[in-house]
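Have a look at the structure below before the remarks.
Chain naming follows the written order as A, B, C and D, and within any one chain the residues start at number 1.
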């Protein structure tokens, strides 16, 4: 039972919140509403996927929000060459930022939280240097990416779903995934077992960077404007919360992909519920605090005293 | 209180105009009353403390206007600091400007309260402070020289007028609030609500959530809003960015221009363009070009003229009638 | 042996040395840098972050982290200003009581349930800000400090420096003694160094953790209250991101985020370092805000990398 | 020796962990001045019992009496307060704190104002340590000491308080002979002073030297309890293993049979002139296929470092490693493993197992690239390999999916061996492969080493157990202070000669 709560608590919580909303929130059952929730949660889901990988190695990536901003800036700068080019450049930017974090963590040996904190400050600044203010765009391809749907499902939601599957595959079925988990479980042992620890670490941060950049591109496409100043502000906290609420421990050595997505959905539904019921900001924050604590308490590692 | 509907006089390209001409209203302050000494503006160190990153049209235009005017006047030693939205940092910034020997301070305060330490220090050195955009809650002429800026409460009221006009005095309205804890948010909200209560009890406020003055947040909140409150008729956004975010949300939900009336405050170029496109109903201006007025005030002060305790600028408003023609003047 | 000592010296006093270097650079580069006024402004404004960071130092040495301090800082200020209408004692004690209580609750949760401090205090960050907004009418009400005695606590000066500066110095000294010279301090190092071992060695792990978070909450609340006294009002927009500044200062000061090592001197140097960098940026007086951010980020990375490489070189 | 009322008594103790009954109705009575041996196989429940006695765990059933009164300890601190002092199995001190502060944590000398008096702190610490033959700068962080010295600090810490009961869980597993003697001296003094001692060890010789009584645990139950004198050694082993005396006799005490007749050919690995400042000086070693080369020496002689240097886990100032004549790139573990050189690390917990992963994943870890197609793991291949090795090494686990951390020490060690065998190495460097594992498992591991050598694997065997070294190795190199000080082969491989080789230079 307790084990069940630990493993499926997030699902139960999401379900409970859904039931509450169906009962008490007008128009909640509209298809359009579900679309809205999924579309809004997409950037957090994508960022959380990378975050889960990083946390699996016992690390943390605070720079994701700033990397989103950088991606937004690069997208705006290169949109003149077409949407595809702009997106590729943005993703490369994310990869470079991620690699910087990864190198600081693995080769230089700086603690992840500090290394990525420096990036959080610096990369956001860089994004602002590149694009000092919000820039609107009219590129039809990019706007289509943000607003089109396939069989009624928004493109960006499909992208997030595919990425989730990909990451689940990566974690469960590939050598790389196993190595990530092993490194998080015991780095010294992994090193002595001949795992390419440093390379894997860099790659993990690169993946996190690329995913954050992609989230930035999609958010930009949806906003129809590039806004490096405020895009992705504090998203690292939401992503970490999603990962942890999903039952991936901050102490590393375990990654739960599907539950991470559920964790993100939980936080999204929660904030949607509070907004729809028009509660003041103060309430929203206090309720969020309580729910986070409750969720993490229920899904915590047991048996260790 | 006189509602200003006038478009800017031609040729001034969006210059600020003073609503209460200096010397006519309120107590005035002269150099001798203030207790300072005359100095030469050109050779003096002048400090400008900006509150937020120059990343939105308002702040960009504001800082640029100050710098440009200083350059025009030949002020060689202008020191600019930026508090990056951290109030504690702004206090320190200003103190360090004083320590660098600034003879005149122009401050765009992040917050109206909490200036005690700066005011004390400036007063003891007799450094005149001109605050722009937002007020400082202190005594003019003793603590600081004067305030130049808009009346946010008044802006809220005028937005309410526009909303009432748009809805014909009846309907449901949602408010996209600014950042919580901000004087601007508070005053623009109060002005709006008071005016509705006073003039149009038929217009009810059924929803108010913060969009934190940001476009993306405005979009997200609006998406939730139109889902759960499809009967909404109007949206009052406390700045243009949130209004434009709301527009994106409405577009995404398949709404047509004008389905939901949006009124906002600021007067950025994009917002005025959105009026032209039919998405926004009207925009109350909040003019950030403080440079000319600030330095003109300083010069007058140094020349011994009396300075009013506040210099309220007359904000224009944009709507279908004038949007297209005024596009060039929006910032 | 000599290399080992050198390494240790760099780890402990690296921040102090960089601070010294920057002060020299600033003095040579700018006429108005080394003036008493400017120095005072750096020291005075740093004192509040320093008080918060002292608490953070304890938390981090114990192997934890406290993200709630920024929110507690602003809550403390609002409560102090609110309380000042009922007199000096209320103004000072109300924020201490509430912020201490929040710290205590966080400590209890962390110590008793084993939840990660990062998450618990993240919830604290949100919840406490919510509390602050509730009290201040969604941030719309700014309480003014009505009690002149309380205002004097933040504004009174001796030798050009305000009282909070002296209080900070006293607190830092007390914290040093607490950390190095008391059983409690030893326990903090022990649980940060190896929690399991500490428990087996008879260290009251749970109690120590609870005290650490209680202390962090109290200090954040105190800093907020002092700041409110200084500003004469309970400003509601303060403290956002302050936890990151505090953590950065602690780390720059040579305290390991993994716990078990570090000290208060380094933290104080770290706080001053951040203040001096800001001041230097202001001295230049024409950097755009985005460049300022890049410089801050790069500098943080530089200091940490340098420290890391130097301490690696010792081995 | 006086035997009085029991100072500490446990009655009917039962302790369950998810999936295991670690202790089942255990009785233990401890008299003043008694040295009580607690023995049993890995996973028999010795450490768990100790943790129950000292308040780390709460028993599910049963009760404790101490000094004639019923007690319950909520935390280790409670037990310490009433005079039960414990050295737990793993070296459990705080590595980053100084030696002195570790030693006196919780009872630092206070000066005026109740503040710790550092001068006295260091003075007292120095004094205490000198008694135990450790002369070191007590201000240094503990981690800068070798494992043995750390263990001695833990010992000194436990014994230097006013205790009525001192519990030692495998205190000698990382001590060198001289330190063991010191320890025995200490135990003698404790006994004189009427202090009761519980002593856990897998080294039977030690038990017979210092213990008065013995309790044998098997699968969480008491299999025997009584005086040790008169209990035959083989009988004791059979009690521990739960097997017939005859069966134990026939299989002998160690499983090595040394004559590897297939030793031959060119060295498969050759280390030349390995040098690292302060640690290794010009160490040259070679291992031929099918050969077991022993590496002897005192603690801190540089044996671990030598092994690490060979697999590229230790940066070197000089020297190189050749595998089948080809030089290895320095400092790259991956390259060494690919070339066929693997190392079983000494510290199982810190450098060996990945606690969160299953037995299966732990075994497959190093071989993953080989067991995958284009980076995608093949479950079928992994299952095959895991099955083979679990069977061959007789790994006792509920299933391959059990978490490795739930296994007993001996089985964890076998999992690690399996991890290395799965990559099919040409040479295995074994650093203390039998440390802390019980007689049964030890024999199995030793037999396995033998078998592997028969099959042509080269083995470098590092062991502090001289008997094991002598019986297992074809050739022995003796290290001292990071230098090879002697090489023994053929009939010269005896415990006496090794001791002599170590001593010869030590007397210089």
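Rule of thumb we're sticking to: a residue touches a chain if its C-beta (ideal position, glycine included) is under 8 Å from a C-beta of that chain, and two chains touch if they have at least 3 such contacts.
The UniProt protein names, listed by chain, are A, C = ABC transporter permease; D = Sugar ABC transporter ATP-binding protein.
Model, not experiment: these values are computed from the prediction.
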Chains touching both subunit B and subunit C: A
Reference subunit B; chain at largest CA-centroid distance: D
Top-ranked pair of chains - ranking by C-beta pairs in contact: A-C
Centre distance in Å when subunit A and subunit D are each reduced to the mean of their C-alpha atoms: 44
Rounded Å distance, subunit A centre to subunit C centre (Cα mean): 29
Geometric centre distance via CA averages, subunit B-subunit A, whole Å: 35
Subunit C: positions in contact with at least two other chains: 133, 138, 288-290, 292-293
Where subunit B touches two or more other chains, by residue: 53-55, 180
All pairs of touching chains, each written as two labels joined by a dash: A-B, A-C, A-D, B-C, C-D
Subunit C to subunit D touching residues, read off their complex: 177, 180-183, 186-187, 189-190, 193-194, 196-204, 260-261
Complex contacts: residues of subunit B adjacent to subunit A: 53-57, 60, 180, 206-210, 212, 214-217, 219-221, 223-225, 227-228, 230, 241, 244-245, 248, 251-253, 270
Subunit D to subunit C touching residues, read off their complex: 56, 75-77, 80-81, 86, 88, 92-97, 101, 105-106, 108, 114-116, 118, 157
Sites on subunit A touched by subunit C in the complex: 60, 104, 108-111, 113-115, 117-129, 132, 237, 240-241, 244, 249-251, 280-286, 288-290, 292-293, 296-297, 300-301, 304-305
Partner subunit D, residues of subunit A touching it in the complex: 173-176, 178-179, 181-182, 184-186, 188-196, 253-254, 303
